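Note that chain A is present in both complexes that follow, paired respectively with chain B and with chain C.
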Partner chain A sequence: MNNTDQIVQDADVELSFLSSVVKENGNQPAALIPILQMIQEKYRYLPKNAMEFVADALGLSPATVYGVATFYAQFSLEPKGKYVIKVCDGTACHVRGSSAVYDAICKRVELVDGKSTTKDGTYTVETVSCLGACVLAPVVTINDKVYGEMTPEAINIILDTLEKEGTNHDQNA
Partner chain B sequence: MIKTRKQILEVQNTYNEAIQRGKARIVVCAGPGCVANGSPQVYEKLVAELKSRDLYTTVDCLLQDEASESGVTAVNSGCQGFCEKGPLVRIEPEGILYTKVQPEDVPEIIDALEADTVVERLLYQDPETNEVIAKEGQIPFYKYQTRVALSNCGVVDPEDIRAYIARGGYQGLANALNMSSAQVIEHILEANLRGRGGGGFPAGRKWAIAASQEADQKYIICNGDEGDPGAFMDRSIMEGDPHSVLEGMMIAGYAIGASEGYIYVRAEYPLAVQRLKKTIADALQYGFLGTNILGSDFSFTIKVKEGAGAFVCGEESALIASIEGERGMPRPKPPFPAVAGLWGKPTIINNVETLANVAHILDKGVDWFKSIGTEKSPGTKTFALTGEVENTGLIEVPMGRTIEEIVFKIGGGIRNGKEFKAVQIGGPSGGCLTKEQLGITLDFDSLRKVGAMMGSGGLVVMDENTCVVEVARFFMNFIQSESCGKCTFCREGTMQMLDILQRIVDGQGTLDDLDLLVELGEMVQIGSLCGLGKSAPNPVLSTLENFREEYLAHIVDKRCPAGVCQSLRRYVISAEKCKGCSRCARECPANAISGSVGSPYAIDPEKCIKCGACVTVCKFKAIEEVW
Partner chain C sequence: MSQLTVNGKNVELNGEANVLEVVRKAGIDLPSLCYHQELTVHGACRLCMVEIEGRGIVAACHTPPEAGMVINTNSLVLRRLRKMALELLLARHDRECTTCSRSGNCKLQDLAERFGISDIQLKQDERKLPIDDSSIIIRNPNKCILCGECVRICSEVQGIGVLDFVHRGSKMVVDTAFSKKLSDTECVNCGQCAAICPTGALVIRSQVDQAWDALNDPDKTVIVQIAPAVRVSIGEEFNVPAGESTMGQLVSALKIMGASKVFDTSFSADLTVLEETNEFIQRVQSQENLPQFTSCCPAWVKYAEQFYPEYLNNLSSCRSPQQMLGSLIKKYYGKEQGLQTKDMYVISVMPCTAKKFEAAREEFTTDGVPDVDLVLTTQELAHMIKEIGVDFPALPETAPDQPFGRVTGAGVIFGVTGGVSEAVLRLGYEKLTNEKLEDVVFSEVRGYNGLRSCELKLNGQTLRLAVVNGLTNANKVLEDMKCGKVKFDLVEVMACPGGCIGGGGQPITNVNRRVRVKRGAGLYNEDQIAPVHKSQENPAVKDIYEKWLRCPGSKEAHDALHTTYKERNARCITVAATDHGKDC
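The block that comes next holds the complex of A and B.
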């Protein structure tokens, strides 16, 4: 990743929100991760200017904040799609065929190699290791709703309904 | 505010008397498996139905003696274990277990309850004997288990502190506070409680080191990172019996002289986080946390820290770095955390399950604990039994049980009548054990002898359709992407090993690759700082030893015997069956089929894209998929 400017994005961040988050967690370096978690929760990614604000407030270099943000899988530097689909690829799910389910989803939403979010910003598809629901393997979550015992056919049906109804999975719903 | 042991016993007695006054107590499982299968709807329907029949009551009503004798309470519990058969509903005090319950079954269940009968069609039926079993304790899945760390999980309402006290909770803490801290450590040492987080290091030994340090502040950290993919025991304990974790931490805090504790929970477990926070607030309110706990001069507080998604943060020094707000990179040891840990202060890190055992030992005694399990590994171990086994779920057995007993007696054998092939234990740091090794007992030392390790307790059962070479590639891929990058051998070595394994599953491997894997594996083991790198080669090395012929099939015969590795899938046209109609050649989108009409056609494997279109159109069933 040599061209970081391309992936680190600014956003219309609310300064009052950022200050209140820093205030709530304190301006000690140890508060960095919880602060980033709250920002990510609100914007669903870490905007560049928000990270700079935090670096300033905690007396850290932007590089340190960027380093932490890229170390942990929970943090995203680009906006996530409206529907975040997580396909579990933990051991239990893997031996019960999670790869085929993942491939089926990528094919269906037309994700091409390397990308995890669709061009129109509707879907983000990612693999995670173990959602802790291994007995239902393979497991898929869509905006945190759990679907167990998935097959390529079943996930297609779920996405059909999702596209038709949409609303009840909206992030804000 | 509870100040004395007598007050704890009072809460226990009044609560137990109250629930006995009701006619029955219905416990609906709200573990992750059952919730995803619809248990919340079952619970809702249950409450509505009880209300409409004027049967519904709550523990609070019973405590105030307002309810009639026929009142029925309904609670949500943590994971009851038998996830395969969920949603689970248990009727107390009889202990009747209903399986796969749907909301529409609820009226019938309550009819039966009123008539003192059972709904037979919802009971467990033994697939071998066809016997219908009503009582949970008599179902083979439960019969062979012994529950200590999970003894309250699936039984109590995890959000009701009184329910925990009613089961004997916080009496271990009261006992500990009546002893000197040295005596508490002595108890844990004598019980030989070994770390359930994987290493099996005696908890008492660690505590003694931390206790002997002079410092103005010491810390207890509960490791709830549970990063091993395919394991959910710690999650179940944190969600299903969170007070047992807190009580263990308090006792540990008293023993080493710490006044602050942290629970580090992995990001993927939001319910555990929420529940632990509520539990901490309740414990504060009851006076089990805070200052002058139970009238002693011991003070203790606990905070919850959420992880941010990094497997390596399960390693204790990386976990400490993460709490301090840094990238979770392991630090060289010594100094060990017990000497200089969080913010340089003496720190004890124990696993969730280790801590959940502590209160039971202090409550029921060392001799009781040592009567379970083996001499060198006393007590029990929880396992997440998953993969291709009939009864997947959460189990707890005395140490020293054989793998065979677990897979076949508790697990009910392999699904769909298939053949057992291997069981993976210890996750990405563990190994695959074969059919010949089914007799190995599950305890820390026997597993280490065969190159596997207990790990946190994920047991993933594999059948004949699992390719162990692909599984080895899978774990290497996991480790490679989770390596923090600090050590060259771990960072680069795992990358090279992954490349080689990828080559093999793609059918491009050579025999030299096998020697290279062993050589690299040994170097990664030696050249890495933390357990992640040190144990990263284990899945490869153990499968190379136990399943060498499967590697050879991929490399020499270009075959995947399990039928998993897609690159090794081929289509062939049987010269005998082919009538030379040319239909397949016309259908093939890749122009991979050639021949002349009237004589057998052939597929060029180089061009074939394995779409299977030819198989579908061939009227003579002359085209076959081979692995």
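The block that comes next holds the complex of A and C.
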């Protein structure tokens, strides 16, 4: 009963990890958001069974936890990519051409049909309303590293470098 | 005494929680779609806006009243704002009124009419969201106006929270956890969400067509049973005041429709008293599995199975009165009458939506045939009566059929919170003291508060009773019991506010505590005028034991009248249970 094609997934969650997160933050309802943030940090999304665990631990209904998880754009119900690219589309960035940067990224990583994560799970591309670095507009972050004054050309070079690093890393491993 | 003025008229303040209550007290029906006296304030619909001098326009529902406030409820600006708020709601509403089961009984439709909405200037939201008809409660998000009353009643009154707001902004919907089907959730089918829904976004699955099919099938003998709480509420659909019994007219109407027998479920409530008291006294004597919880309420039973499986042995093993009577009809009465099981069709008329779920439980079938074939709510039967076009209040009064038509006052008060306890006490007292009970009224267990408790001294023994309505209160009792804060011997639990009289299947025009109290008073009145007040003195019940069941607690009684419970895990949690439960 959903107006988006959201897929809610289970994962092999580690009970000890979930318990420690709840212990660290306390089992009060007010701790829900920091707990979800830590879970998302580990799994790159919020697995369904982890949300049910948190609901039980905090004495909330699963529907409430699901409501919070779907309310905030920072939470994802499907696994995010290895690289999470956020393209700022705040006023300053928009005026200075963030749309072209966003389109260039989507084209390069082959994102279609309004999906935000690539099929191979390498990239997640999102827009955010303001990253608070307007002086560097247009701004892009990749896994929280900030790249300022982006152009379609510049972002392609950055992605080239990333891919090379990724391949080297895989070979070394 | 502090005062304020509403449209220039002085109004005394008397502890009202908000300006909306004060304005309504002043006799002005300020519109609202999201406010309910018994729930927390949400403030979403913006229809109760008023002008307060020095403050401007505020929503009355979440503005505390203050002495000296100058309130205006009618101005051109307010009128324009209200109409706009309504138009915004209607632009997201499917407006398929003629085929909506809430047509004629819909707050949104009423307000559109009252405010003369003739044209909606906004673009209609054409999205068609999927309808969830997996359960007996059908959810149609295309009719939802996001008032959140269902969300709040489920979490605040029933303590479950099956529904919540999901997603944000224009994409927001009321949904279950992970968008599961309602049948896959912890919903206990109490139907309170549908009763409080101002529109047709939550409705109870209608089985009226099935009932007509059976009633018109020449090969079927249709046997109907009517629950206690129905008689004092169904009249409301026909301008009879709440609380006035229309049992006689009900029987007549059902006979006109083609029912061959009409029985009174209060009869099997009497049987329940005998079986449940017998069980209770055994437990008191052996001090095992105490407290005993009542098991008449199917919403409570599912709740216990889901959330408190460790207490399932504490539930009375008695079937509910509906299932006891269904079982007796199919197992014994049919045979006596020379009827084959396949030719009998048992319909029960219940104030309750969870009874539909209960009747379908596997435990209550024999060789795949349910003991109760169909459950109609009070509302569904009222629709059927309207369909046949009779003047319901003017129908002659007909007595229910024998042998399951002779009832006592004790059986009738099962329909109101505290009634089961009182009926059990009327027998328990005599059993435990070996004295005849003269004054049958146990005012200790009467009342409408969600959680009441009392101690009774019987023959040197102290019995501790708790009477609960609303599952949030059941949860409180169970948690307090777990930490040893309280100790009880008998706990009566009814899921719905006020007990069955406030059931999810009852007429839903402005149900509030006042209406429930009237319905309850109607049942107590029926008890008062009844010739017999104690279940154990019901001659028909005595006959049944002599003829078929020997005595309470016998093997025959167990086979026909008792059941077992099973642990349910609606959540299918793939990680083990947590030890982070709330501290006491």
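Everything that follows uses one rule, which is that the second predicted complex is superposed on the first by the 161 of 173 C-alpha atoms of A that agree within 3 Å, B and C clash if a C-alpha of one lies under 4 Å from a C-alpha of the other, contacts with A are read in each partner's own complex, and residues count from 1 in each chain.
The rule we apply is simple: a contact is a pair of C-beta atoms (placed from the backbone, for glycine too) under 8 Å apart; a residue touches a chain by one contact, two chains touch by 3 or more.
What you are looking at is a predicted structure, and each value in this text was computed from that prediction instead of being measured.
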- Does the superposition put A:65 against chain B (first), chain C (second), both, or neither? second
- With the two complexes superposed on chain A, say which partner A:13 touches: chain B (first), chain C (second), both, or neither. second
- Partner chain in contact with A:94 - chain B first, chain C second, else both or neither: first
- Item | chain B versus chain C as contact partner of A:57, first or second or both or neither | second
- Now for A:49: first (chain B), second (chain C), both, or neither, which partner does it touch? second
- Message: Touch test for A:22: chain B only (first), chain C only (second), both, or neither?
- Response: second
- Task: Identify the partner contact of A:33: answer first if only chain B is touched, second if only chain C is, both if each is, neither if none is.
- Result: first
- Message: I'd like to know which partner A:121 touches here: chain B for first, chain C for second, both or neither.
- Response: neither
- chain B and chain C footprints on chain A, overlapping residues: 67, 71-72
- Task: Flag every residue of chain B that touches chain A in the complex, lowest number first.
- Result: 32-33, 35-37, 83-84, 86, 226-232, 235, 267-270, 305-311, 322-328, 384, 386-388, 392-393, 424, 427, 458, 460, 462, 466, 471, 474-475, 478, 484
- Hey, which residues of chain A end up touching chain C in the complex? 1-4, 6, 8, 10, 13, 15, 18-19, 22-23, 27, 48-53, 55-67, 70-72
- Message: Could you list, by residue number, the parts of chain A that touch chain B in their complex?
- Response: 28-34, 36-37, 67-68, 71-75, 89-92, 94-96, 128-137, 139, 144, 146-148
- For the chain C and chain A complex, residues of the former touching the latter: 127, 129-130, 132, 139, 141, 155, 160-168, 171, 173, 175-179, 181, 185-186, 571, 573-578, 580-582
